[in-house]
Amino acid sequence: MDGAIRIFVTGGTFDKEYNEITGDLYFKDSHVPKVLQMGRARLDVHIRTLMMVDSRSMSEEDRTTIAKNCRAASEERIIITHGTDTIVETARLLAAEIRDKTVVLTGAMIPYTFGSSDGLFNLGSALAFVQAMPHGVYVAMNGRAFDWDNVRKNRKTGEFEELES
Amino acid sequence: MDGAIRIFVTGGTFDKEYNEITGDLYFKDSHVPKVLQMGRARLDVHIRTLMMVDSRSMSEEDRTTIAKNCRAASEERIIITHGTDTIVETARLLAAEIRDKTVVLTGAMIPYTFGSSDGLFNLGSALAFVQAMPHGVYVAMNGRAFDWDNVRKNRKTGEFEELES
Amino acid sequence: MDGAIRIFVTGGTFDKEYNEITGDLYFKDSHVPKVLQMGRARLDVHIRTLMMVDSRSMSEEDRTTIAKNCRAASEERIIITHGTDTIVETARLLAAEIRDKTVVLTGAMIPYTFGSSDGLFNLGSALAFVQAMPHGVYVAMNGRAFDWDNVRKNRKTGEFEELES
Amino acid sequence: MDGAIRIFVTGGTFDKEYNEITGDLYFKDSHVPKVLQMGRARLDVHIRTLMMVDSRSMSEEDRTTIAKNCRAASEERIIITHGTDTIVETARLLAAEIRDKTVVLTGAMIPYTFGSSDGLFNLGSALAFVQAMPHGVYVAMNGRAFDWDNVRKNRKTGEFEELES
């Protein structure tokens, strides 16, 4: 379980802020560093923001950028924070391209700036899974690490579940 | 990674509350169920409170109770929430007695009732580690899973570190 | 400073929630009772929800409903929680109709469900102003009580200010 | 309601922090500036920390220091943040010495560093009362402004009440 961990930030609900002038949700800076500090994480973590987008408006080009960065990363363990709506699509693309690394995609249902977000919990679990799981691509949500090819988001409940369940 | 997870609650900073009449910190009910709910955990988890004590005043009898419950548990995966001051001592006792299970001890430096607790992060990581790690006894703090025989709490920084580091 | 206080809830940012399925902000129940509890308010307060709307979409009929309820209320001291965008318009209408009561309109720039809302502070100040101020209609924001005919919301800063300042 | 407001910080539960190394509550810096910022207060406020003590260990000398500072202050409106246990004693001393100013003492039952503190609400109400009330000395707690000579803290409930109630 040694070695540095790379975190790629891509936006998603996790990093949404409330704009008090317009009343809209928007992106500013990522809250990932703050979450690591609050969790008192003592890991060799390198964070890089690739984009700040709602995953419903993530383009194929965006996904290609993520894949390219995962391939180029010197770290063997990679976390991607991602909007939950298309997180499975990105996982699928990565699985086709990345074979010799452990990649864990995670997100949040509630923005971190809300006091009661699941983001702190999810990033804690993603950091653990990325250290402990063998090479492969996983989606870490709801306390679990799903294999990339056996997971979907249930649009009604907002929870992730296995395909054959 | 299948099968139910048992969580044994023993108290510690994680579950401390502020008594607004006396100004002291004390224990009431565990916050573990609330944390699982906030994290939207979708796991088969069974929670049982064994005791509610500050780990500095945990007796040998208390530790024996914990070990007995771990042995008797039908679940193969066990999390123990524990005060951080003597968490390593309890881990050592458990390692001597439990061989065919994955046991992860975790705690918090800041009570959950404080908005900025590390408890949500730590429980998220403990749940991931207990699913992904082979049989053995581990202390999950600071985003890492330490082997029971290679960890100590640094009293000055409040962080956990390896012995030979 | 005796006598009961009436609180009319009309919605606004104060009471907005985050819908984790759609990612939109919406209204459910009012958080006013929770705020009074957190503030340990020991006042004879009667809360009634008149509507749950964004004040940008508040109709003249809505405002007439608010005025009618203020006139009909048996309490001499009335607080109205209101969206900040048209709070001054409603205050103007009320000033034309209510002469023998103290009416304080207040709102929030950040929803209460965000941990760092100004709603708790604003409701604390509105409750104080409604007890201490003479009959009249006031807008309580930014720690101040503005006369209804000498206040506007600065759309750029989100702050309330006097007209002649 | 014009003119600057002076805030004297003296400590109390309001400003207590959790020491994660020792597990004790202690004082560091005051949270009053942060509360004013969160409440988006737009007032001419001057803050000065006189001491940082638990009001149960406040000495007569401490109280004399507070009174001296109130007399010397150029502002006519003064707020004092204070531990709740002896807040009434300090109010009594101030009432004997300060006649031409509005002095409002306030505190909190739960430290501000806990997410669910009453401090934000109380400071909001204290700022309103200090602007709206005539000269005199008041204790602002539980959403009310009590006259200094008609208030006591109920040790069982933690709430403030009138003497003859």
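First chain written, first letter: the chains are A, B, C and D, and each begins at residue 1.
Assume contacts are C-beta pairs under 8 Å (C-beta built on N, C-alpha and C of every residue); 3 or more make two chains touch, one makes a residue touch a chain.
These numbers come from a predicted model, not from an experiment.
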Furthest chain, CA centroid comparison against subunit C: B
Rounded Å distance, subunit A centre to subunit C centre (Cα mean): 39
Rounded Å distance between subunit C and subunit D, as computed from the means of their C-alpha atoms: 26
Averaged-CA centre spacing for the pair subunit C and subunit B, given as whole angstrom: 45
Subunit B, residues touching no fewer than two other chains: 109, 115-116, 158
Full enumeration of touching chain pairs: A-B, A-C, B-D, C-D
Residues of subunit C touching subunit D in the complex: 1, 35-36, 38-43, 109, 115-118, 120-129, 131-133, 140-145, 158-161
Residues on subunit C engaged by subunit A in the complex (per definition of touch): 13, 18, 20-21, 23, 25, 54, 109-111, 113-116, 155-156, 158
